[in-house]
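The following pair of complexes shares a single chain, subunit A, combined with subunit B in the former and subunit C in the latter.
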Partner chain A sequence: MDGIYSPGAASRSLAWATAFYLVLPILIVVPVALTDQRYLSLPQDGISFRHFATVLSSPEWLGSIWQSFTIAVAATILSVTAGTLCAIGCWRISRRATELVRVMMLLPLIIPSIVYAIGLYRYFGPLGLLDRFLGVVIAHGVTGIPYVVITVSTALAAFDPRLEQAARGMGASLSQTLRWVILPRIAPGIFSGAIFAFIHSWDELVMVLFIASRDVFTLPRRIWDGINENLDPAMAAVAVLLILFTLLLLLADRALRRRNEG
Partner chain B sequence: MSAAGRTGAGWWMLILPAFLLLVVFYIAPIAQVLTISVTEPELGLGNYERLFTSSAVQRVIETTLRICLITTVLALLLGYGIAYAITLARPRAQGWWILAVLVPLWISVLVRAFAWVTLLRRQGLVNNTLLGAGVIDEPLPLVWNEFGIIVGMVHYMVPFAVLPMLASMREIDPRLLAAARGLGASRGEVFRRVFLPLSLPGVIAAGVLVFIFSLGFYITPAILGGGKTLMVAEWISLQILDLIRWGLGTMMATMLVAAILVTLLVFSRIVDLRRIFGAGA
Partner chain C sequence: MSAAAGHALGLRGLTKRYGDFIAVNDVSLEIGQGEFVTLLGPSGSGKTTILMAIAGFVAPSEGAVLLDGRDITPLPPEKRNFGMVFQGYALFPHMTVAENVAFPLRVRGMSKADRDAKVRAALDLVQLAQFAGRLPKQLSGGQQQRVALARALVFDPSLLLLDEPLSALDKKLRAELQEELKALHRRVGRTFINVTHDQEEALSMSDRIAILNHGRLVQAGAPGELYERPRTRFVADFLGKSNFLEGTVRQPAPGGFMLEAGASRLAVAHGQGAALPPGTRSLLSLRPEKIALLAEGETAENQVEGRILSWSYLGAGFALRIATPDLGELRAVLPAWKSPVAPAEDLPVRLGWSADAAVPVEEDAA
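Our next item is the complex of A and B:
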């Protein structure tokens, strides 16, 4: 729309103010993490990396990072497998017949995780899944399915169904068609879904507060305890590491999409 | 069985794993929550009676609705400004604006709450700066109250407000704006009488989305509220984990889900959820 109609000064300053409000508070953790003091503050006599060293040499923090990472990887595998197959099935079968499934897939995005978390707390008890790696993987994996269904469905919308029909017509079985015709064309969508499912599990706190206690102590859980108990610059260092990691994942997603479009 | 029939069954098999996982590990636990609300401590609607008799329950609902409404209005206002700027920006600038909206969306909610605590607490950066500059004599109460909750919640919700509004603004034909200008309308008139009415469906969709997300929000209000201002989600957690009052906790959880579903149902004619969530991905 450039040139034809441009925004006025008032709306432009509102937009800039909002952009600063969105971004600057997050960036404040960077100088705080580099402080040379023992308490939360801006650097006074120079910057120091010792709070990063504290985090990266602490068995508690490293243990939680590793635990969160393995849970997120396992949950992502679960979400991507179930979600991709489901999206392909819904795409191929008529829209109306799968309406119920599609609505079901939206529920985890709509229903607050606190409701699901108290439900799981009760449900997992008799199943022996409380405070277990498997229990958290199931909870995160199931709630990650919608992200994969959405991204894969978007990728499928751009896929010509006649390619699939041609493959089947020439005698390919269902699994051959999936493996050689459909999956390669929707790979970018699957990859995006995987990244979102991974971030979903990696950041998830509410369910973990209820279904894990001692043996499973993920990174968000440790940050939560840190914020509530001792606010020290090590927390800011963790925050910076998390921001860098998230940015890295988003950049990877962007680069991959651009390569496929380009 | 015909070949076509087998084909159909094959495709249905693809849906099965996700369907079963959701039914067994998602729908079932939530159905159990709904059941507990009418069976514990005893069979009946006793827990729901509290909605009318307990002032503590009413206070939590009132606080939650007030904070959610304020958050929704502010997020819509700020989000509209950014979505408007993005729509009218040149393509290269658009990319940067969208980045400013999407990157906060994907950064951990805990990191963001922590950043706000760093800034807003008594010895925080904002208070220290203002004290140092001599603007104030003693620290302002910026966090661990309703103000802090709203600052953090609006920050979290603005991106969710921008996405649906942006989608609807992008469908507005720029030639309409140029035509209105050409016919002698001032810039303000073009906005009021052409752009704003055409963007309203997106504003309503964004409002519904932000409102339902705010209703059940747990982490940010719990951290920035400091346990003094209780919203529904934190209250539920308190009932279950600390007071072991399953009946009351699940009753409130049921009401929360009902409120969200009713809101969606009322607005389902204007809001296409799948599109909103699709736009976010």
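Our next item is the complex of A and C:
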């Protein structure tokens, strides 16, 4: 593969342009967050960290960060448990019907979240789940399932079914086989799924707009309101913090994968 | 030496169908306590399906599996207490050697101290004690195979099942481990059931071989018995190599007859009781190593003239293809160091063999 065809100048510059295009909107918030002005703008007389200080000392921002974090953790636990069990079940039974189940599990990914949000709004009302921590956790947890199903199914596809046979042949019950043989083998897949489910909940806005109002005020929701009401550069500072946190999670995922392959 | 630890296994009319396909067809076999039995057959002969039915991974369509006379057919694999070495070993890659070997003890809820002692004994048995802390991928193929053996034996299983245990190894290592496996069988005194398609492996290790073809048991017996007295053409051809001589039975007598093939008359002393009716067609199996090249003036009970078609030197011997007028092409293998003639293409030669060298075999049912 190495160096038989080296890319031409045209395709090389196109590739860089594409990469730049993808990253630019993310990068632009960094100087904006460091602005010395009182409104959303690029720095003029020098850089300043005062907007970061504002965010980290404001009870509203900190409250939202904490709320988003606890919701994301709870939603991730829900997604990982349900998604892993579903993937293992489909893998073990492995009939045509299970293919259908797997496609069903991917529905939250396929359906526009605004459609999903309208549906949630309709039936969360009578259940008393609107503007409740539990309601948002359920909504995020369920829509996070597809990420876990995908990553765990991929991990299971690489799992040697003879290992399960071997375990059972040596007298292991189903739960022992699951705990000691299957789960350790697919742990990297579960972990990847957990990271994606977490990120999904962490930056989810559309559903929160529909099913939460005052008591549940997640971080994306506060950014959204901030943009609508005033153009405080604190939002850019929050955005930078968000990007750093997400980047950290993805790096953790990568590191874990590399350790498992090596 | 605990021969009492061995258990007897019986198969009664075992049949397995997959839709219209019959993978195993009415196989009955008794395997005695402490025996080393090999199920031998080409791929698709049903040998692995039989092993999987014994292990409990395949539910038979008909028939039964008996352990010491008790029907165990409905038992799931985890309730059978059989040790198994899988093809490719199926070691748990995330566990060390010691953890792999301890696995069957751990599922039985054995205390850590008892577990450690048993694991050490099992690893000593396969001479791998110093590798206890390694991961399977840090071991060679032969070492992994021995870990699989230790893991399959550590919990004192009633039987040891081996699914092509040596197929992943290179030839030299395979020969070494054949001897090791046989020695291990002697030491632990347990009943071993081995599956292979490698006839050499079957001949060298087994107390008894069961030959399978198209899902049916063709013949079972001690290796020497199967080699010397194959019942059918398939057995003679699959276990070793064989020439096949076809002709008409003349002058039948108890234990022998003359076979008329073209202008040749061959003396056959098969030593088996009943005389064949004269005039019937008969098929003989004649092993290549039982044919000799006759020197000038030398005689044999059966003599045939021919010409060498081709020859190859194998170090220990010559392998010859010889064209004969009445018997077609014959293959002969002779020791190189005492060959009476130097082989050459087109060289006229005289072949000879004794009356008891060829044995009558049946054609296989299609």
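We adopt the following convention: the second predicted complex is superposed on the first by the 256 of 262 C-alpha atoms of A that agree within 3 Å, B and C clash if a C-alpha of one lies under 4 Å from a C-alpha of the other, contacts with A are read in each partner's own complex, and residues count from 1 in each chain.
Here is the rule we go by: a contact is a pair of C-beta atoms (placed from the backbone, for glycine too) under 8 Å apart; a residue touches a chain by one contact, two chains touch by 3 or more.
All of these numbers come straight from a predicted model, not from anything done at the bench.
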Combined model on subunit A where subunit B meets subunit C, clash or fit: fit
Partner chain(s) touched by A:182 [first = subunit B, second = subunit C, both, neither]: neither
First, second, both or neither for A:155, with subunit B first and subunit C second: neither
Touched partner set for A:169, first subunit B, second subunit C, both or neither: second
Subunit B versus subunit C, judged by how many residues of subunit A each one touches: B
Touched partner set for A:137, first subunit B, second subunit C, both or neither: neither
Which of subunit B and subunit C A:194 touches, first, second, both or neither: neither
Contacts of A:211 with subunit B and subunit C, given as first, second, both or neither: neither
Smallest separation of CA atoms, subunit C relative to subunit B, angstrom: 5
Interface residues of subunit A shared between complexes with subunit B and subunit C: 168
Complex contact set, residues of subunit A against subunit C: 160, 162-163, 165-173, 176, 180-181, 184-185
Residues of subunit A touching subunit B in the complex: 1-2, 4-8, 11-12, 14-19, 21-23, 25-26, 28-29, 32, 40, 42, 78, 81-83, 85-86, 88-90, 92-93, 98, 101-102, 104-116, 118-123, 138-139, 141-143, 145-147, 149-151, 153-154, 168, 174, 192-193, 196, 199, 203, 205-206, 209-210, 220, 223-224, 227-228, 231, 235-236, 239, 242-243, 246-247, 249-250
Sites on subunit B touched by subunit A in the complex: 7-8, 10-15, 17-19, 21-22, 25-30, 32-33, 36, 78-79, 81-82, 84-85, 87-91, 97, 100-104, 106-119, 121, 123-125, 155, 158-159, 174-175, 177-178, 181, 187-188, 190-191, 212, 215-219, 223, 233, 236-237, 240-241, 246, 249-250, 253, 256-257, 260-261, 264, 273-274, 277-278, 281
Interface residues, subunit C side, partner subunit A - complex: 55-57, 76-84, 86-88, 90, 92-94, 103-104, 106-108, 151-152, 155
